[in-house]
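Naming follows writing order (A, B, C, D and E), and every chain is counted from residue 1.
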Amino acid sequence: EAAKPTIKFADQQFESQWINNAIAKFVIENGYGNPVETIETTTPIMQASLTKGDMHVNMEMWEQNIIEWHDESIAAGTLENLGATYEGGPQFFMVPQAFADEHGIKTIDDMKKPAVKKALADPEDKAKGLFMNCVIGWQCAEINRAKLVTYGLVPDHYNIISPGSSGAMEAALAGPQKKGQGVFGYYWAPTAIMGMYDWYVIEEPAYNKPCWDEVGKSRDDKTYIAKEACAYETLPINKGVWSGLKDLDSDIYTLLSKMNVGLQPINKTAAWAVDNEIAGEWEKAAVYYLKNNENIWTTWMPDANAKKVKDALAAK
Amino acid sequence: MAVESAPDIRISVRNLWKLFGNNDKALLQEDWVKTASKAEIQEKTGHVIAMREVSFEVAVGKVFVVMGLSGSGKSTLVRALNRLVEPSDGIIEIDGEDILQYDNEQIIAFRRKKIGMVFQHYGLLPHKNVIDNVAYGLEVQGMEQLERHKIASEILDKVGLSSWEYSYPYQLSGGMQQRVGIARALALDPEIMLMDEPFSGLDPLIRREMQDELITLQAQVQKTIVFITHDLDEALKLGDHIAIMRDGAIIQQGTAEEIVTKPADGYVKEFVRDISKTKVLKVGSIMKKPKATIQESQSPAEALQIMKSEGLDYTFVVAETGELLGALNLAQVESAVEKGFETSNRAINKSCPRVLKYTLIDDVIPLVAKQNTPVAVVNDHGILLGEIEQSSVLSSIASS
Amino acid sequence: MFDFPKNLEIGYQLSRLMDGWVDWVVINFDPLFRAINAGVLALLVPLEKFLMGEPLSYGWPQWLSMPWWLVIGVTVYIAWRTAGRNIAILTTVLFLLLAILGLFDFAMQTLAITFTATLIAIAIGLPIGIFGAKSDKMDAISRPILDAMQTMPSFVYLVPAIMLFGLGKTPAVMATVIYAIPPLIRLTNLGIRQVDKEVVEAAIAFGSTSRQLLTKVQLPMAKPTIMAGINQCIMMALAMVVICSMIGAKGLGIEVMNGIARLEVGRGFLGGLGIVMMAIMIDRITQSVGKSRESKVT
Amino acid sequence: MFDFPKNLEIGYQLSRLMDGWVDWVVINFDPLFRAINAGVLALLVPLEKFLMGEPLSYGWPQWLSMPWWLVIGVTVYIAWRTAGRNIAILTTVLFLLLAILGLFDFAMQTLAITFTATLIAIAIGLPIGIFGAKSDKMDAISRPILDAMQTMPSFVYLVPAIMLFGLGKTPAVMATVIYAIPPLIRLTNLGIRQVDKEVVEAAIAFGSTSRQLLTKVQLPMAKPTIMAGINQCIMMALAMVVICSMIGAKGLGIEVMNGIARLEVGRGFLGGLGIVMMAIMIDRITQSVGKSRESKVT
Amino acid sequence: MAVESAPDIRISVRNLWKLFGNNDKALLQEDWVKTASKAEIQEKTGHVIAMREVSFEVAVGKVFVVMGLSGSGKSTLVRALNRLVEPSDGIIEIDGEDILQYDNEQIIAFRRKKIGMVFQHYGLLPHKNVIDNVAYGLEVQGMEQLERHKIASEILDKVGLSSWEYSYPYQLSGGMQQRVGIARALALDPEIMLMDEPFSGLDPLIRREMQDELITLQAQVQKTIVFITHDLDEALKLGDHIAIMRDGAIIQQGTAEEIVTKPADGYVKEFVRDISKTKVLKVGSIMKKPKATIQESQSPAEALQIMKSEGLDYTFVVAETGELLGALNLAQVESAVEKGFETSNRAINKSCPRVLKYTLIDDVIPLVAKQNTPVAVVNDHGILLGEIEQSSVLSSIASS
């Protein structure tokens, strides 16, 4: 059955996507017989490729961060959103757990305490603390800024620093944890960094739509200060596929549109991967997931395909 | 002052100018440039004058030597002759054709057939072996490898490098490299050879050897050679004609003798100061008329009387035509008178030494040194022209 | 005191304009770029398969491919012939290290791309360099362009390249060529200009046409410098390995990216070490190709 | 035929080992790196503020800062004195372009980092280069290390650098120094080795000590080559601008990152153009500092 | 064969060897090396032999010239004298001290005080102006700028460059640059000057000028000079002693006269072939004993008888001590006999020309050329040693 087309997955170099790609790869290769290729890339490259069909599937689009492109591409008919891969990746502000304990940090207002600020001092401007923002050019970077301004942390108490890649962001968060020092930043789950270290998620006002609209206004217009701010909405993490995928292989298209791995199972799998030091062999994580969550993944496909997957699993 | 080329003139250069710079031809239209000094032109226009109204002729088979200090324009001149340098103005006629009118194809053909060049730093192709270097001029003409190697091989034989054919230039000493350079020029069998300080980089021993070889070679091949040097001895040794340049102009040209005896100015005089005159001057220039000569028809008694009255104890006997027949000394005349010979003729020493007028003084010194009597100077037909003595030779040496 | 003459509108309009151009090119020249893409891949894919010991085409027998030990053997032999025993030993050691660390296949992918990019760079850069040596005007024009090619961050042209060629090896090769070609052009230019003036004069004096001058004298004599240019070109190409991997070209860069993304410094470092080893190997071999001539000549 | 001698276990253990080292350094040497960080920032932050026309410290009067037109004026003056009229005009035009495109502040941030990195590179590289010129052994040892510094992808050492210093300017400066220092070391070494042997002999013959030889003869005479090394160093530093921006150093790279992240090719291109303009400007000025001497001397 | 240095010997070099290579000292312990050829040593060990058993002495105030082809070891030898090259074996004594035993500080002090050096390519510091170049040796000694500029200024005056103090070397012509080089060496007022082909790069006119200046200067400053050249004329002009090297060994050393008249082998002979002997040989070497002389006490009649019997028409009159008193010709003697003088003494021409035995032949040529009679050769005390004639001078010229 060499004639079946290769399905190409984007690999943006973060853990949950690696696990999801591995699961999809295992299922497709064993259940459907299509070869699967994962393409290591960065977000902008993924954007440029997915709409051209150089890549077919992105298991985690995080489209809020690239919302303009997402909406334009959907409108132009080059991209399809196939719905959630899992229910929602939470996004939040956080500090190391030990740091929170030491300084009694609970809410976002606690971050204004002079002792906290001092511990997080910006080496370039010792009078203020430093906030680790998300990647330059992502929407979250502007949202975070808008929120911090409204909370009164910026510009009076904190400076913002933005990394240029998720790798840099992780390194900036992991360094202080290794040293047992404080760091204040934005992140999301499920991620390796959340699994590796203990973090305290800072309390913010709960998400609500009017508040978020305010934040959105400030996001788009730097000069506008939102009247209120609140925590991120927990949005589902969606699959984006090239609009030509349906024609390329409708079975795979159908499979992907049904595929929802579930937040809890994925978190568990990620934790297992960390504990077992799988050293980049993500297939092991996929096998772990598939063995433990048969009830979930069998719903994605017809029985005949599921049988093949089970056979393959049994061989592992 | 265009000179009609005589048939045996190979190179004729007339009023050649060269200004280095972008605007040379236009500048030469301006009158002040023609007379301005080199420094002045450079300051005002940024152009460097390298040749100024250069005119000369070289006859077939002759060696024309150009001398002058560094920067005087020697290289520019010689490079103009095969248009490696494009003159700003003037005429260069080679065998009667104005090569400055040649188009690109003609000039390439001209370079391939008529004119060879030898460079101071040899200018060999470092990536080709000796035989391919020598054959280079043939190669660019499109000659087959077999054929051109055959020719190159013969030439290398001639310059004594037959066992080095497959060596690379860097494996050869300077003298050997320059031999390759000469062989390369000879391989084209050109009528003209341009040699720009070919021996300047060599050790003195090797240099002398190369000069001697060039002389031997030239005797065989009879090329017309333009040779640059700033070594005076080299110029004297090799050159038929010598030109001396300063600041782009030829300030004097002529034979070595002319230049040494009549330097045009103080600069030339200084230039030739160290020269040993005996290597330049001919016997003719220091001979004196004999006080008296004896006609072959005069009797010994008459001869004796003439000699006594002039205070001579040695004199020459000539025929009516003026031809030198021999010499007589006082003792011989006296014995002839005693013996009663009718003519002096019978008493003379016919094998008395004689030298040609055109001999270099240097070459007659051994003869004169041995001879206590004056030596006769004759022309090609044996006509007695004068005599030289030890003292006159010594004076000529002393005056250098 | 004075106000800043900043005019953001101009910048904005300018950037929109450029966006428009890129779109226009992407849309209208698609067939051209498809053809280029096909050409590059026709060269690159068989080379990569060959180096990785895969049959060049489906259905070909396995023995028509090159097993890993033969790749090593041939490379070491080349190193030995051109660069001598020491470099050959170095090459062997580095190759075995690559193999033991499991980086051999990645290294071959990287090698294939580097090699292809270098070939293309030579094909384009050599004539440009030659032309630049002959024409001062050309030289003056090309200089700032080359400066720009070297300092313009490659990220900037990656996105248009992907739009033009699609994801994969071709934009990687193109980006590599853009980044790596300037030293080749510069050194070719320099090498030809540096050829001993007297030798050039001699060649002209013996009746060379300008074509003969170029092929028989200038190029052979400029070879050491041109080789240095090629060497530099390869080194710069290797500096693009990680970026190439970002746009789907695989190779050693993948290891680096994966290592970094997971904060496994060691893994990234090993990948990087793989690149360094390749670089040292190729550098030493190509450098001595240039030098061996040079030291003979001077 | 033969099996691949791949031993992934070794590679894995090796990378774990390195991870361990990095952790160990990060955890145990924190005070040291804090001190370095403070040192670099003490140099860099005032410089940046100065160039951007901000008061150096809170409470200082505004007039103690340097307005944008003065920055331009001074730079153009320097360009004019060292490189002549043409380069001065070029500098003016490029500066005004930067200003009009709204890139001036970014450019000044970039300039500050580049300048600081170059200073540090000179402080470290010059002595190493000098030492390398005196000792063949040192030269042989440093050569592969320099090769590695230049070809090791900067991503690899960025992660540990960020862990050590946190996001910000210091790791950017450090990464820039690592990447940009090799040509400076190499050219310093070369420059000193190239000094006319006869002049060195003369200096020794007249009783110079080795210190006098270095300061009075070798360094002054190697100056053109060393300046070329500094020039190269700056150019390489500018090639790191985008990467610097990735780790929080601000500057022109931000524009590039923003443009790319939003697929606004034009915006990224303008940012890149800003870098190119800075590069051409600095290149022309520093190059002529080196050349003016050289052309006098030879 | 250690020679005890006489008090007036400044430089004494004994059995100096130099092998270029890493293992030179050890290699010199091996016997075969001492006799092996240069090529053999190079092939077997990779070492280049540059000096082989070199021994010589230079007296205070003398000029010692070293000649030889390229690569013969001249530069190595001269560089060993101030330890720019570290000899492999041997002894160098300067004023009786073995400088090879000096430690680093001593050698620096030695270079600063005792020994100056002039280089072929001038070796000027291109980044310093003329006066700072000249003052360099003083600068490294730590002398104040004012003081050292004063000294440098004086020296520059001496070499005729006083108006160029603030120019840079690149602004000077080659000859001027070399003058700076010489001034730099003189500024230290060293006892010894090493000069490694100082004039080789210069145009011939300028070169001659520089040689003349050096001679003038040396007459004033009286340094001990080791001078390298491969120009024979230069060697003759400047050198008191000449050594000729080949392949690292000195194959002959002595005065110019010794080398020219008794070349040690074919190589040396070839080397000196072109030399004009009259510039080397002294009058003493070609003088003959007069056939007869007249004692001042002898009567004119006796003198006449002696002259007749020997066939002389010109002879010298000497005192009992052998001192030359004057000359007599036949006519003078005859008239003295007529006048009945008692001693020949009264008739003599006291102002007859005489030359010293040590005069170069070249220098007496003008005199001899004018003189039809033999010229007397005397020693410093006026004692008649012999006579020279035109023919003997000419013979000496002819034999070169």
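One rule holds for everything that comes next: a residue touches a chain if its C-beta (ideal position, glycine included) is under 8 Å from a C-beta of that chain, and two chains touch if they have at least 3 such contacts.
Keep in mind the model is a prediction, meaning the values are calculated, not measured.
Trainee: Which neighbours does subunit C have in common with subunit D?
Mentor: Neighbours common to subunit C and subunit D are A.
Trainee: From subunit E, which chain is the farthest off, judged by mean CA positions?
Mentor: A
Trainee: Which chain pair is joined by more contacting C-beta pairs, A-D or D-E?
Mentor: The comparison resolves to A-D.
Trainee: Any idea how many Å lie between the Cα centroids of subunit A and subunit B?
Mentor: 94
Trainee: Between subunit C and subunit E, tell me the centre distance in angstrom, where each centre is the average of that chain's C-alpha atoms.
Mentor: Using C-alpha averages as centres, the distance is 65 Å.
Trainee: Subunit A to subunit C: how many Å between their CA centres?
Mentor: 36
Trainee: Enumerate the residues of subunit C that touch no fewer than two other chains.
Mentor: 158-159, 257, 260, 263, 267
Trainee: What residues in subunit A touch two or more of the other chains?
Mentor: 44, 48, 167, 171, 174
Trainee: Strictly by the criterion at the top, what is the full list of touching chain pairs?
Mentor: A-C, A-D, B-C, B-E, C-D, D-E
Trainee: What residues on subunit C touch subunit D, complex-wise?
Mentor: For this pair, the touching residues of subunit C are 1-2, 4-8, 10-11, 14-19, 22, 67-69, 96, 99-104, 144, 147-148, 150-153, 155-156, 158-160, 235, 238-239, 241-242, 253, 256-257, 259-260, 263-273, 275-276, 279-280, 283.
Trainee: Considering only the defined contacts, which subunit C positions touch subunit A in the complex?
Mentor: These residues of subunit C touch subunit A: 158-159, 162-163, 166-168, 245-248, 250, 254, 257-258, 260-263, 267.
Trainee: Please name which positions on subunit B make contact with subunit C in the complex.
Mentor: 79, 82, 84, 108-109, 111-112, 115-117, 119-127, 136-137, 139-141, 168, 170, 184, 188, 194
Trainee: What residues on subunit A touch subunit C, complex-wise?
Mentor: Against subunit C, the touching part of subunit A is residues 13-15, 39-42, 44-45, 48-49, 52-55, 166-167, 170-171, 174, 192-193, 280.
Trainee: What residues of subunit C sit close enough to touch subunit B in their complex?
Mentor: Touch list, subunit C to subunit B: 196, 198-199, 201-209, 212, 216-217, 220-221, 223, 293, 296-298.
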